[in-house]
Amino acid sequence: MKPARPAPPKKRDWSWRSQALRSVLYQVVALALVFSAGYYLLGNTLDNMRLRGIKSGFDFITQPAGFGIGESIIPFDSAESYGKAFAVGLSNTLRVAVVGIVLATLLGTLIGIGRLSRNVLLRSLCGAYVEFFRNVPLLLQLFIWYFILTETLPTIEEALRPLPGVFFSKNGLQFPIPVWTDSHVFTLAGLALGLLGVWWWGRQSRQHFEVTGRSRPVWLPGLLLLIGLGLLGWLAGGSPVALDIPEKSELNVVGGGSVTPEYMTVLVGLTIYTAAYIAEIVRGGIQAVPFGQHEASAALGLSRGKEVRLVLLPQALRVIIPPVTSQFLNLTKNSSLAVAVGYPDLVSISTTSLNQTGRAVECIAIIMACYLTLSLLTSWFMNAYNRRSLLKER
Amino acid sequence: MKLSKLSTLAAAAAALVTLTATPAHAGKTIDAIKARGQVICGVNPSLPGFAAADSQGNWTGFDVDICKAVSATVLSDATKVKWTPLNASQRFAALQAGEIDVLSRNTTWTLTRDASLGLNFTGVTYYDGQGFMVTKKSKITSAKQLKGATVCVQSGTTTEKNLADYSKAMKLNMKPVVFETQEATNKAYFTGRCQVYTTDASGLASVRNKEATNPADHLILPDLISKEPLGPSVRRGDDEWFAIVKWVVFALIEAEEYGITQANVDQMKSSSTDPVVQRILGTSEDTGKLLGLDKEWAYRAIKAVGNYGEMFERNLGPNSTLKLPRGANNLWSKGGLIYAPPVR
Amino acid sequence: MSQQPYVFQTVASRPPPRPVGGLLPWIQRNLLDGWTNVLITLLVLTLLALAVPPMVQWGLLNAVFGPDNAACRAAAAATNTGACWGVVAEKYRLIFFGRYPYEQQWRPMVACALMIGAIAASCYRPFWRGWLIGLWALVLGAFFVLMMGGRFGLVPVETSRWGGFPLTVMLSTVSLLIAFPLAILVALGRQSKMAGIRTICVLYVELIRGVPLISVLFMASFMLPLFMPQGSTIDVLVRVLIGMTLFTAAYLAEVVRGGLQALPKGQIEAAQSLGLGYWQTTFKVVLPQALRLVVPATMNTFIGAFKDTSLVTIVSLYDLTGALQLALGDADWRKFFFEGQLFVAAIYFVFCYAMSRYSLWIERHLNTGTRRQ
């Protein structure tokens, strides 16, 4: 029988050399450094502000702004508060960001697919587009677009009139818009019903396809449904035809909807720049789909168009969505460059308020808070979409 | 890389950053200036007539001359000035932070700026007003015809607020297009994006001269829609320095009133019998002692830049490219608003 | 029963396959393969035919190349308008060097050349040794001494007069040099098991990535002076550098984190089983592999940082883009702003395109171990 081995030494519960202690120590030191640095900086800031007699606080938000804003979808008067001015700036930023995201995605997807075309001319053209617009800074591109728009368009006196009621000049594009009356509610109701109808028809035809294997046309009937129901709603409302048509006054064109050259510059510049990045991402996504998928669709006899639409793009979405999300965020943040071409977005209005009230810290904090919120909302929304497109694994 | 190397690198980096932070003495500006041997003056990057540098880096202009006078008074040398060009958004932050000693940058004296930005205006050197500039082709002759016009303004100035006030009061519904930089604003007006350009009337004259392909094509409307008293400002909290800058300007105005010019100041110093002139130039009393300077303080200022009238004529008046009339900027005895308390 | 041994019978050799090379088959395959392709080819060819000859006429044939204002105006007013490249010939010094004193402009030129030389040397793999750090320290020192002056008999030039190309190169290089190690530390901190350090790193990255670079630059130029103790000031250039470094470091940290996450965990476990400590594992095992994985994304961020230096125009530092605005405030030459802008765009394009080509090359070069073919 083997002799009993001596009992192993008792494990101590605590050691001064343990990793647990070291990790606690490091964290305490790191947090202490950060907090003391923060305290030092904050202390300096408060000291400096007190010594120099700089007022601080957010009370200026309710004061009347005293400046006008060149363009906005919310009417703004110079007697309204700074808070309202910031809201108008935010609406201007959203106006250019949302439209820009939609247009850039469309354009970027088309160019990305064009980069993979069999036609060498189209491939090279799309490649040249991507290379050129990715390698020039966005600010320079905005300056160039603004220069083109303001130099080549005629002045308001000699405005281009492609259609009656449409003016295209250095002051922007002015066009007739329908006047809102209460009976337009019926039109909106009709359009909403039409959208519902399109969705229902899409579901129906998909179910029919899964049961019988035969596909029904979706786009044309859907469009007809939308337009038809909208028209019915309009008729039901008494067919209001009042239009607000722009007219020339002594100096300017008043009335109608308008889009300034600043807005057009920022929109076009941002769209073209971001589309170049999205094109590369889409191309990478499609190339990441296993080659066997292409061979299988060729074996099934699918045309290239159907193959891209039905086989490659849906699978490529998994790879595309995370980088495209960051491009959407970049577009929103790049819209802040509008301050250089005179578009009154959030940063521009915040700079004006900063100069008029002297509250630098507060105004910059407002800008950062707004952009942070926008970024978080966009990434949350895109992450939800991403989760839907992920591989459903066991 | 070992941890020890990393920590030494971090320490070196921290040392580098602190090295770039140059200590400027707090509180006593005059001591700091004497220790440094230079007056740091904040000016407009390019507004011919008020402040402009040629390609050699020599600065000329009305605001520039005021700084030269201050430097001559304090350091006995009008060239010992460090010129710091500042745009409209940066100027107050630079003064508050202590990067400059005096801000001489065609800045309007308003309540908000005096009370809440931590600075003090030393006086008015130029009585101006905000005006409009249009092209002659537009056939506009008065500001009241500007209904619905698009106006180019620069961000960070009193111009925006005045424009909004005037537009509201006259129900003109003018549309501002706001740019961050002076260059962008100028370019937008001269390419025709806006029909009107607005800033202080003196600024309009300067910009028209400098940037218009044909200055005769542009008309500065006669209506002035606001009061824009321009003057130098200093940081709050240093009464001595405030008094010095204030009284240098007053001395230049007094010099014009009593006929002392750059040419005759030496002769007046040695031979004048007028007790007021003697007091100003320091031959009888020592008024400088009370300011912390010596008795020839005003003499040096006048010798460096001439009197107020000469400064005006050289930079803004008939001898310059702007050819602005004295107007409200004439001596009180001649019907203008320029009035200096007596140097005594 | 014995079988006859199999005698190999040769078969008559078939004729070689017809070559599919040659221009005509290539055109047929790439341009005329099916009706849509023919349509696309025709469309693109018409587009090119409409666009290219006028551009060539404007840009080359009718263009004025010398710094002659009168000839430029004549060319612009003529029916066959021509570009005025003379604006570049006339204003190139202002565009390249900003407001730097005219006679001293050889200094920024030499400083730029040194900096670009150091960058080129760092691109060449056999030079990746310890002495490269020494070279960089020397080049940076020489750059600042040349630009600032005040020593060795050079006339002092204050930082507010720096501008143009040297400013662009300096801002991007210095901010990247500082941001890269900082990003590695932040990425490692974000992976750390210590909750305190992880939270700090996460907050830093998410906060900075959520806001535009303009607001970071505004914060740096307006608020940094308030952070300093009473009585000291920081140079405007240093403020902008700090802002850009913090911004670039946040983006680089995310890129490095992607690489760290893609590394198989087995590598760390193997290193631990060999008895390597945390920092030894990180620097000798984890980082070399992780960084190699994210070379494309890193180079993308470098290119982005180079282009982002153009934003300092908005805080009134006259880099290449800003110096152009400055140069063309002149009334005589303002009409030809477009040619100036194209010239500056071409400069940026050349550098960014070179960097993206280099990125492809280095990616191929570094991944020789992991490539499948």
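Order of writing sets the labels: A, B and C. Residues in every chain begin at 1.
Following the convention adopted for this analysis, a residue touches a chain if its C-beta (ideal position, glycine included) is under 8 Å from a C-beta of that chain, and two chains touch if they have at least 3 such contacts.
The model shown is predicted, which means the values in this text are computed figures rather than measured ones.
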Remotest chain, chain A as reference, centres from CA atoms: B
More contacts between chains, B-C or A-B: A-B
If you average the CA atoms of chain A and of chain C, how many Å lie between those two points? 25
What is the distance, in whole Å, between the centres of chain A and chain B, each centre taken as the mean of its C-alpha atoms? 43
Go ahead and note the Å separation of the Cα centroids belonging to chain B and chain C. 41
Contacts with two or more other chains, residues of chain C listed in rising order: 222, 225-226, 228, 230, 313-314, 325, 337
Expected list for chain B, residues touching two or more other chains, is 89, 93, 96, 180-181, 184
Where chain A touches two or more other chains at once, by residue number: 48, 51, 147, 151, 339-340, 351, 354, 360
Quick one: which bits of chain C touch chain A in the complex? Just the residue numbers, please. 29-31, 33, 36-37, 40-41, 44-45, 193-197, 200, 207, 209-215, 218-219, 222-223, 225-230, 303, 307-308, 310-311, 313-314, 321, 325, 337-338, 341-342, 344-345, 348-349, 352-353, 356
Please give the residue numbers of chain C that touch chain B in the complex, ascending. 101-102, 158, 160-161, 178, 221-222, 225-226, 228, 230-235, 238, 279, 283, 313-316, 325-326, 329, 331-332, 334, 337
Residue set of chain B touching chain A in the complex reads 88-89, 92-93, 96, 112, 116-118, 138, 140, 145-150, 155-157, 160-161, 163-165, 167-168, 174-181, 184, 188, 191-193, 195, 235-237
For the complex, which residues does chain A have touching chain B? 48, 51-55, 66-71, 77-79, 147, 150-151, 155-156, 170-171, 249-252, 254, 260-262, 339-342, 344, 348, 351-352, 354-358, 360
Per the touch rule, the chain B residues reaching chain C in their complex are 1-3, 13, 17, 20-26, 45-46, 55-57, 82, 84-85, 87, 89-90, 93, 96-99, 180-181, 183-184, 186-187, 190, 210-213
